[in-house]
Each structure stands twice: as C-alpha cells, then as structure tokens.
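Dropping a structure here in structure tokens format, bear with me for questions.
Order of writing sets the labels: A, B and C. Residues in every chain begin at 1.
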Amino acid sequence: MKNYIPKIVLAAVLLGALSIPSFTPKYILHLVIYIMIISIAVMGLGILGVSGQISNAQGAFYGIGAYTSALFSVRMGVSFWASLLIVILFACVVGFVVGLPTIKVSGLYLIMTTLGVNEIIYLIMMNNITLTNGPQGVSRIPGPSLFGFTFKSMPSYFYLCYAFLLFFALLSIRIYRSRLGNYFIAVKNSEIASNMNGVNVVKTKLTAFMISAVYGGVAGALYSGYIGYIHPDNFKTDVSVLFLTMSIFGGQRSVVGMLCATTILTIATEYFRFIGEYRLIAYGLVLILGMIYMPEGIGGKFVQLKNLVKAGKQHDKG
Amino acid sequence: MLFQLILQGIATGFVYALVALGYTFVFRCLNQVIYAQGHIFMVGSFMGYAASTKLGLDAVSTLLLMLLAGVAFGFLLDRVIFRKLYDVATMTFVIAAIGLGIILQNAVRILYPEPVKYPPIFGTRVFRIFNAQIAEPYLWVIAISLLLIAALYCFLTFTRYGQAMRAVASDRTIAAAMGINVKVYISATISLSAAIAVIGGVLIGPLYFASFDMGGMIGLKAFSAAVLGGITNISGAAIGGVVLGILENLSAGYISSAYKDVVSLGVLILMLLFRPHGILGKAKPTKV
Amino acid sequence: MRFGGLSALSKVSFEIREKELFSIIGPNGSGKSTMFNVITGVYTPTEGKVYLRGKDVTGLPPHKLNHLGMGRTFQNPRLFSDMTVLENVMVPLLARDKHYLAGELLSERSRRKNMERLRPAAVNALNVAGLKGKEDNPAGMLPYGDQKRLEIARCYAINPDVILLDEPAAGLNTDERDGINSLIRDINSRGVTVVLIEHDMKMVMGISNRIMVLNHGSAIAFGTPAEVSNDPAVIEAYLGVKEMDDE
C-alpha cells in the first residue's frame, strides 16, 4: 500500500491542476500558460543536457517553430495541427543541419557556436522580409481549432497546453528510462568509452539534438498560436539564455526539477516586475548565487533528498 | 576605399583584440572563458563616457583613469564572484558568467537606457593617407592598442610578476610547488583581463557609440577572434582580432552592412568545426 | 601511422591467432597505444590495413568494431560514472541488441522485458570479473582495482572474439595485480583472444603465448616469451628486462 502513496499524490496533483482555470485570475492564468509553453522548450534542453551537450540556440528553434506555424496558417491557411507536423519535420531538419557540425565541439565552444547560430537565425528573421515580414512581425495568427472548436479563450488554451506539456513530460521520462537515455548518459560520461562499447556516439548526439529542436519548435508553435503576434525580438539569444539557465537550474535529468525551475524563475521575474528593470538584475543574481551554492540544480537537490531518505530507510532496517 | 576600409577594420580589430586577449589570459589560467567579458567591455565604455563628460577629462587622463578603474572593477568582480568559482565545472562557471552579464547589462540600462555619443576626446581631424580619409579617433585606437599590447608583452616576458603569471597559466600545480601564490595570480589575471576590456570599451566609444546592449555582440566577436587566433595563444588573440576586424569591415563595405555580423559568426563556426585550435594554436590530440 | 610529420608506427605487421594471449611491450613512446588506437578504429592508419577474421575492417568506427566482437579497455579507466556497475555493463549489450526503441518508449513492460533478457549476460560478466554483489554500486565510487575489473567485465559481457587490454595492471598493488592476472587467464581460457599492453614484465612473460616488442614505432622482436627475453635487440632497447628478472 505504501508504494501507491506517491502515485496517488501525483494523480491528485495532476487532476487538481485541471481546475486551475476556474479559480485563478486572468493575469495569473496567462502566466501559467506561458510557463507551460516554455517548459516544453526547457525540457528539450534537458534531453540535450543529459547527453552532455549544451545549446544556446533553443530560442532560435522556438522561433523557427513559431514562425513556421504562423506563416503557414496566415499565408496559406494551413490548420494549426497540420502546420505542427511541418514544424516537427522542419525542426528535425534544422536540428540535423545545426547538430551535425556542432557535435564535434563541446563545452564552451558549443555554447558559443550555438549562440552564433541563434544570432544568424535572428538576423535572417529580421532581414529576410519576403520570408518573415522582418521587423513588422507576423500578426493575426489564428489559434488552433479542433472539430470546429477554436482554442481562443484562455481556459481552453490552458487545457491545450496542459495536454501538450503532459505529453512531452511523459515522453522525456520515457526517453530517459529507455536505452536511448542510457546511451545519452554513456556519451556524456565518456564518448571514447561509449564508442568502444558499441554506442554510435554521432548518431546519439544528433538524435538528442533533433529531439531537443522538436521540443523547441513545438513550444514555439504553441506560443504563436497563443499570443497571435510574433516578432523576431521574441527569439533573440536572451531567450535562449533564459531557457538554458532554466534547464540547468532544474537539473536537466529531472523533469520535475526543470518544471520547478521554470516556474520559480518565471514567477521571480514576474513578481519582481514592480521593481522594474531591477528584476533582471535579480535574475542574474539568482543565477550567480545558484551556481555558487547549488551547481547541480533543483533536480540535484531532489536526488540528494532521495538518497538521504534511502540512507535513512537502510539505517532503520539495519 | 579599400585602404580606408582596411584601416578602419584594423582599428575595430584592435578593439576586438583587446577583449580577446582578456579571454585568452583567463582561459590559460583557469581553463574557463568569462562569458561576461563583452559586458565588462560595455561597462568600461560607459565609465569612460562618464569620466570624459562629467569630469571633462581629456583623452590621456581618461585612459589612465580608466586603466585604474578597470583594474579595480576586475578586482571587485573577482573578489565577489569569481573567487568562489575557480574550480567548478565548465557549465557552472559559464552560467554564473551569464548571470554576471545579465546584471551588468541591466544595471547600465537603468542608468543609460539610450545609446550615448562620446564627446570627441580623440579629436576630430581627418587625415588623408594615400587616398583614404581616416578620422583621428581611428589612429588613436590603433596607437593605444599597440602601446597596450606592447606593454603587456613586456610585462609578461620581462618582469617577475609577468613570468609568474605565465607559470600559473601553464601549470597551476607546478607553479604552486615553486612557491607562487596561485590564487593571487589568478585574481591578478582576472583583474588585468577586465582592465584591458575596459580600455577597449573606452576606445570604441569615440568610434561608434556606447549602448547597454553592445556587450553581447562584442563578446561573441572577440571570442571569434580568440578562437581564430588560437585561444591558448596570446599573440593569436591579437592577430585574430585584427584579421576579424578587417574581414568584417570589408564585407560591410562590399557586401552588405546588415549581414556584417554574420561574418564573425561564420568565422567562429567554421573555425570551431575545422580548426578549433586556431591559426596559431597547437592542436592537442586527445590521449586515449 | 603518421601524425603530422611524425611517424608513430612504421611498417608494423603481425597476425594474432585465435584464442591466443598476445602481448605488446616496449618502452614508453614506442607506439603501443597508437597501435591499439589504430586497431580499434580510433585512428585511421595513414598506411596499412587491419583485418578481423579475414575481413578488412580498416577505418571502421570503434562502435562497429565492437558490434563485430572487439572489446577494449583503457589505461585510465573510462567508466560511465553516472551509472551503476550493472548499467555500465548493460550498455554494450543494449547497443548491439536488435530490438527497437519505440517499444521501450511506449511500454514499460516491454522495456522491463528487454532489460531482463539482457541482464543475465551482464551479471555473468560481473561475476567472472569478481564484482559479484556490487551491481548497484555507483561506478564512480568504485575503488581503483574494481574500476579496472569493471572495464574488463564491460568488454567481456558481449561475448567478444577479441579484447584489447591497455595496461590492465597499471596502478595496482601486488595482490590486485595477481587478481587481474588470473582474471585475464580465466577470460583467455574461455576462448577469448586477448591482446595485452603491459609494462609488468613478470606478468607478460608469465601469461603470454607470444610477444611483440615495439621500439620507436617499429617491431624489433617477435616470438614466445623465451625467445623475446633472450633477444639482444630487446635487451638493448628495453634495459628494464634484466632488472625485472632480478626482482
């Protein structure tokens, strides 16, 4: 019976969350939806992180997803769901193209390379007017609709994002537990040993990259469908840095950790909005302090807690 | 026209070089790159602006004052932040530096939300060299940079302190065994690197302008320069900077100025993919 | 095998017989590790070829060679430190297992079935390597001697045709060395061809069927332990031989 308690708690939380739209004010609901959307992008970085890679370009994939979905629906009347498939395909392709050369580099060099990629994509978004409307952005993006029902109201969009978030969170957990997850960790720990033990390191790293890109792209599509207007400035490197810090703060291996981190950091910046420009300074301070005192992130703290509990239990037994 | 572009490119190139030198110094010492180097540069630019407008100082005094201010600033950063991060994992250091960059950028933004134009401390004369029009500030930048780089070179090669710094950079454990107080020298390296970046900021002010968000791009370009020249190689950083500046300016002049940033990014990506140790660096094969 | 202008190995040609225990020795810098790296696909040789069971495998990436039955350990153990001991050994088994990923992603039951299917081979390898009972220990926390054993277990789990051991006894004390010695003999007796790089002369002379001596990138001697230890070229190049006998 004891084994079922965490599962019951989890079910309660998940079901309880469904009632959020009914009692939260619009302002907070908006924030919750935003958090759910970007959590998907952040989780994508988590998958990348587990394989030992780091990307400062998630904002670009977020943007690619947003623009692809937006442009297809605005210019060609394609439905949100069909354009979602295109987004996934496109994200895979771009993820492959970007990933293929960058798997050779690691650490800081990878950060800088992906940063460069993000900048290049941003410049294309800004300057290639025929493709993306440039600095005017894309407006009047129709939201997704299903069987005639349009997800225009906030509560309905909440449920939509909830479904997506749940799906991608589950997917992440499954991936981490599968053999692909094992390959990721192996590659992160030692590429040379992985190679020598039958793991195709190149394929593994590329797969991680492409999966991460898809997560980013889907999040972007959800974003453009929600806000209805996008502009290249929404997808600058600042956004990539934001996602990256959230994923590292969350401890990459832990889906719950990343969700917590995203929530906490977003709420922090929102809460501090009243102090205006100082809130970003607070964000930077949180980052620095976090790295000095909690380098494994929130997920790391969970693991430590779990180990403490395990040790305690063994102590009781023995 | 070509010569003018090249000369101007050399000037901006030297600015990149100064920031890149900072990267290289710290990298050799700590095996880390201070991601916030560009933002430190930006702060330096504004400090110089404040000094020359509020205090009405001329070029030389501003530069000297900024040198001191830069060292002090770097020392402060080291004391408060970096000292606790000398031995952490790469990613941890990077995120912390990102945090620092965010703080610096937004702190300056509160004080100076709009880009500012420097007073003409470097003069307004325009010289005709061959058939190119070169404004005085460009010549100042080239001269000061050369002076600074030469001074650094002498310091590192001929003084005891400089040699100790190089010892720490090449092998911390052995340097410690030789009785060198490693922590002090790492601290000094970080301060020095910040000071150079600050001077760089002061130099670019009169060439263009100062704005709170220029740190990111400059940091990235200087990093490209460092990688181009070889991040473990000090002269490489300088040469990389100049080459990058020239390349960038030429493509701005002949191709398009909207996409000129793509040049340095492209260089960075290509270098990292094909020759990560840079033009002058030595390839370090992994020992299996 | 050339690196830039330097020839790390020149015209070294040899054949390893099935099920034998073959050692490569030589002073530091003689090219032993380079040889291993060439054989295991880490380097592509600038000249020459590598054959496995008659098949030309030159230039194949290491993971493919592993699938073909070649295993290798490293001088400094390269374990997957974020995993447990058992998980480490499972990796090569998973990597060559033909089941699809999708099944594991969708069904927890299917994942468990796959793991259960592959587990016995992993546990067996750990037992052979003397790591019984330590399956759930974090690999990063193992004492050095056990780390070396785990590396060997990881190679052995896939039932390889040949394993290359790079200085398996390096850094071990006498007892641990004896342990590794018997482990290597045990594995060899189970039909696995073993290629060894070692500096411990006693061990090498004691267990090898044949030895090749490298110096400055060339093979200077080749033969049984008796032949090699009496070869004047070897004694000259590798002055340590005499001293070792005196130990």
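A few notes on this one:
The working rule: contacts are C-beta pairs under 8 Å (C-beta built on N, C-alpha and C of every residue); 3 or more make two chains touch, one makes a residue touch a chain.
Everything quoted here is computed from the prediction, not taken from an experiment.
Two chains share more touching C-beta pairs than any other pair, namely A-B.
On a Cα centroid basis, the chain most remote from subunit A in this structure is C. Subunit B and subunit C, compared by their mean Cα positions, are separated by 47 Å. Distance between subunit A and subunit C, defined via averaged C-alpha coordinates, is recorded as 41 Å.
Rounded to whole angstrom, the centroid-to-centroid distance between subunit A and subunit B, based on C-alpha atoms, equals 33 Å. Contact of a single residue of subunit C with at least two other chains is seen at positions 42, 74.
For subunit B, the set of residues touching two or more other chains reads 288. Under the contact definition stated at the top, the residues of subunit A that touch 2 or more other chains are 192. By the touch rule above, subunit A contacts subunit B in their complex via residues 54, 101-102, 104-105, 107-109, 111-113, 115-117, 119-120, 123, 127, 192, 237, 241, 244-245, 248, 277-278, 280-281, 283-288, 290-292, 295.
Residues of subunit C touching subunit A in their complex: 40, 42, 61-63, 66-67, 71-72, 74, 78-83, 87, 90-92, 94-97, 101, 104-106, 108, 111, 114, 154-155, 158. Remark: subunit B residues 32-33, 35, 81, 84-85, 88-96, 98-103, 105-107, 109-110, 216-217, 220, 223-224, 227, 258-259, 261-262, 265-266, 268-269, 272-273, 276, 286, 288 touch subunit A in the complex.
Across the complex, subunit A meets subunit C through its residues 171, 174-175, 177-180, 182-183, 185-186, 188-190, 192-201.
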